[in-house]
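Next come the structures, one after another.
Next, two complexes with chain A in common: one pairs it with chain B, the other with chain C.
Now for the complex of A and B:
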């Protein structure tokens, strides 16, 4: 009898899993189908348009490199939103945290240009993570201690961050009236580096960062001694190195993958993650189980902010190497659909970040080849998120989900050996 | 010197005209959404309704060559978004902010595609936007001739006058009519409202359609009124600002109107201070209202002000 019930659990889990994958996939397919009608109205063939979209995203090494570039910040913001959402902290402010993270990493690279890469890059990454965390501190405090809705506070912090960023990028601080430090501005100050603007560029930009701060590309890694001695003679290796796009693929997406694994681990294998999810499902019940709800919410928010800050750092170190106004249009806001279409699971967030990144990367090619406007991509994303969230909502009523939650609670009860009742907070 | 310059801004009639002009879109949008907010639906999708309003105004006005058809189409487009939002967020009961984020993104794409569909064929512009008829200025007879007050308050686009009327109107609906009572009941305690026979869904649908119409109107004011042209994402986050004003005003129509005035005045001030080139950077002026709102949230608004059922989908308990 025991083996039978075990088989049944496996079968149930399989059904349940397939369900969580089916909903987003169906949502994305229907989004493509409905957007196809718009493309038809436009007078183009949807198949040709989607073909161009796909080849623009995955069709060549250069296309794949672009997709990887586009998806990297989305992985981090998606994880940020997913982790926060699961823990009851709906982080709308990923956008602002991302901008502050980007600022921090630029500051770090300009302030310590003499450090070797191996020290400088981790330092810049840490700086962006720290700044992202700092930017969520106030909303986190207000939410956890004062119960003030985080949606509005994080939204406001976004605008403050974006305007601060704009000020840093656009205003030439050194030439106009900065009189601090008696005119002799030390190199380590914020004021010094933001004064440097690249006059050769059409848009206001900060100067290009030192090359030691660039995230190493796969090419530069593969040119290292270890790989040359291992594969140096093979034709495949030589061909790989001679592909120009290979130099554009940096470590950043792989760090994203690492973050996915790390967050998966934190979310499902540590007490921190467990507490945070318990608070997200039902704070009252979590309190009865002896969880400190306020502290847990606070921690959840900080982790979420850190991830969003990292997104900015990755973009600066991996792709842009400088600050440009609007350089990451909506990557923070897009974290919300990425997380939700990914069913709030780290791996799901990774997959949907790939989907979003591919759409953005392929959109230009679609416009060039079939003259279908890039804006169609927004419609596809929008429909996908609306369908996915509706599909998930309807699914909440289904027995499958209830059973899963009951089962999870059972497991956790055993794990924690604490009696408590967690009910579905829908 | 600096004081002289500031005085020259503050004493200029144009500045006050600009305040009224910049406040109107926020006021219309916020007043439209306040009922839905009070009914317990988070109107984070105002941006989507306004964006569809901008494109509706341009298309209606451009195709029929009649500006009032533009206004009508803008309201219809806004209401369509309101309806979609109602179906997804009220009937299905999806997470309202997530749905809103999706709709905002969709409206951004759809407005751009609709614009291109209407006014271009194969990349060629068949009708330039400049030819689209735009809203006329209405000068109120007699009142419009009063020095200072006349140009500031009584020589504007028609929507501005609607803005003057909408605040007492919304206040009256909300606090003096049965429907307003229903709206508040549904937002505070949907289960109790349901027990006494109020259809929660019906009230929320109606409130969202009202929100869609007024937000669409606000969009039309921006596209065929204030700026008189079309560009992608032309509401530029005004929907979120209006949403912020609602929270800032603690869901009280008159306070919300004052909130929109704050944001409108900051908008008007920015442009003038930019021209003056005084010490305060432009970006910090843009930031200012958000900082004020943040402080207000921390000190005044707090937790208790939110409608109790805000953001929660209503499901009748079975059995």
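Now for the complex of A and C:
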């Protein structure tokens, strides 16, 4: 009896672990299957469409470069949401923090155009991280000290950030500062960041940033002395350098990978992550263990905001080099499904960011070749989210789990019947 | 006597658990039938099958000679079966009458007919000697009266069989006696009662026949007159029980904890602890007896820093720790075993290892500069699992997959492995089976023998009596008296628990003179 129950416990644990991987995979596969039917109804071949989608995402160096570009901000926002969620802070405000991070990067690059790359780029990255953190400060304070629901506050902070940017990018008087109560507000305070708009352009957008602020590409790194002296003679090296797409692959996705490792480390190998997860699981039990729940929540929120801010910085420095309205549609909000499909694990977030990035990168090619509209990828994406989230409550595959669910629902029904006896009046 | 209910070969399984097997049970009309067994013996599951909460996998339920299938509680109620759950199903803001008719059609649909109902209730209460005011609101009533409302609900629905699930768990000794009176008068009117319990004295007090369950099976059904508590205990656990833990006489050492005029509020903001004072020395267990909800939990919380004191002082080894943070108090070598291991004692989604380092993770050698030292932690965790006999396939298992007893061992390992000077144990054996209970108690006495001071809070009087060197009794937030643990007068303690007697600190002198051996 004892060994039997022991084995059963191991088996349950094993199932639980394998489910964390199988659920998102099954969810994505079912999303593709059902979207395939939609494509079929459209009159196209789903296989051809998915083939084009895949080759548009991974089929060529250029495709891979695009996928990497698209997935980079999602890695950061996905990590931001995952870390926050694990720590009991559901950060819906990654979008706003991303905007503020991007604005900070742009402001930095425009304000200090003369700095050398080696100083300017880290400065811009740090600025974006810092502003992301600043933007979550108020919700973090309200949540941890006043118990105000962070979903509401972070969500509303998004609109402030987005409208702030819209205002910045539409105000014309470039060199004039703002005066308030008779005094001029210093240029460096973030209410007075007017001047990032490009006045020469008819459309609202910021000036193109100086090239020294561009995130270095792999190509420019490989052209450095070290690599030339090592591999200068090989044909592969020459071919690599002559591939134009290579110039579009920047350090940004690799910094994303670094962030994944770092967050994994913080989450599971440090006392900070331990406290965050403890509070996220059960704040009351954490308090009984001597953990300062308020401070921990606050720290968790700041880490989350910092990551989301970095997402904006990476996009500006690595890909677009300027900001325009709607410059990165929904990347902040998409951090939520990225994190959830990734089972709130840093590595999972990385994988699901890859999936999301690939969908976007391949969508155009799919539309051009098979005339299946781009919108289909949003159907796939949405279905995957729905399935992944429902998958966490309804486990598929195991009879054992099925049985358990059946029993639990049965119990629930019975309990409801008992209560129904109370509430069913006539 | 005629047979009312007969269960034949009832079997109920949950995935991985055989809850009931081959259970035969006969309930006669007009008897009080005890269903005795340890926690997890399958008593409640069996009754839930009868009440329609579960459906048995196989077996027959025969009601008044006819086989019946009970799909849901409504069927059971229609047959004439009523059940009073451990946690009452009452709506607090409604009156007694409103609660009683809830769910039943009124005679003047669509309007309520409360006046007539109140009259009927008064008649019923008179008939059975239940003293309940039908116009009172539930939240105003003491627990004992709320329980009577539950019984009244069943009677109003013409119940012929009443199932009571551990009805005395929430009652004071006086209320228990009143309940027993009510039960006796009910059976005189021809009702049958199934009384679920794990308390042997209650069986001997009030029941006519006893069925003992162990591991889901019936061990035996006997008439009360033909048995005794000792035999019942043996049937219940399958072996002789030695709940009296061996405890050498020790001379209490220096004062570890000193509480002076401490007061605190409960979660509703009402005074819960009122001017409480006591001291605990090394090698000493101070047991706090009292009915649940008389400020014991709040007292433990205040000492551990989980709750703010409104006045008074808590002094640990000479330094004032009143209202310090929980972490600061942990650092004073204080361990706290919280009353609810599922919600406050453990992080169920954390692994055993993560739980085990819960009180020490922040300091070397477990972490250095905020980074965990995996090797040290794993060694510590394996050792703790070995030392505290936690039955688990591995240290990386999530705590929620362990049984209650093993979960409590994890809490013990976490709290006691650091050799604390002061141990606050709040309901340390609640919900545990006898084996685990014995283990926990032995560990606590070990801590005492090693030189720790223990504050033991328990609503199980038997636990306080068998472990404590001194016993304090709490009633409505006040300490009614502190008496020596040895040869404590159980009636006196019972009266203090009920708030009718106050003796002060009878052990005050024994504590002050260390040369005198405390016996």
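Here is the rule we go by: the second predicted complex is superposed on the first by the 347 of 426 C-alpha atoms of A that agree within 3 Å, B and C clash if a C-alpha of one lies under 4 Å from a C-alpha of the other, contacts with A are read in each partner's own complex, and residues count from 1 in each chain.
The rule we apply is simple: a contact is a pair of C-beta atoms (placed from the backbone, for glycine too) under 8 Å apart; a residue touches a chain by one contact, two chains touch by 3 or more.
Predicted model only: the values in this text are computed from it and were never measured.
By the touch criterion defined above, A:376 reaches chain B but does not reach chain C. Legend: residue contacts after superposition of the two complexes on their common chain; A:272 is shown touching chain C, with no touch to chain B.
Contact with neither chain B nor chain C is seen for A:224 once the two complexes are overlaid on the shared chain.
Once the two complexes are overlaid on the shared chain, A:282 sits against chain C while remaining clear of chain B. When the two complexes are overlaid on their common chain A, residue A:151 makes contact with chain B while staying clear of chain C. Looking at the shared chain after the overlay, A:336 reaches chain B, while chain C stays out of its contact range.
When the two structures are aligned on the shared chain, A:90 is found in touch with chain B, with no touch to chain C.
Common to the chain B-facing and chain C-facing surfaces of chain A are residues 426. In the complex of the two chains, the chain C residues touching chain A come out as 14-16, 52-55, 72-74, 77, 89, 102-103, 105, 109-110, 304, 306, 325-327, 329-330, 336, 338, 343-350, 354, 358-359, 361-362, 367, 370-372, 374, 391-394, 397-398, 401. On the side of chain A, the complex with chain B involves touching residues 38, 41-43, 90, 92, 138, 142, 146-149, 151-153, 155-157, 159-160, 163-164, 166-167, 170-171, 177, 330, 333, 336-337, 340, 371, 373, 375-383, 385-386, 389-390, 392-394, 426.
Those residues of chain B lying in contact with chain A across their complex are 42, 44, 88, 92-95, 97-99, 101-110, 112-113, 116-117, 122-123, 232, 237, 240, 243-244, 247, 279, 281-284, 286-287, 290-291, 293-294, 297-298, 301-303, 306, 313, 315. By the touch rule above, chain A contacts chain C in their complex via residues 2, 5-6, 8-10, 12-13, 16, 269-272, 274, 277-278, 281-282, 284-292, 400, 403-404, 407, 410-411, 413-415, 417-426.
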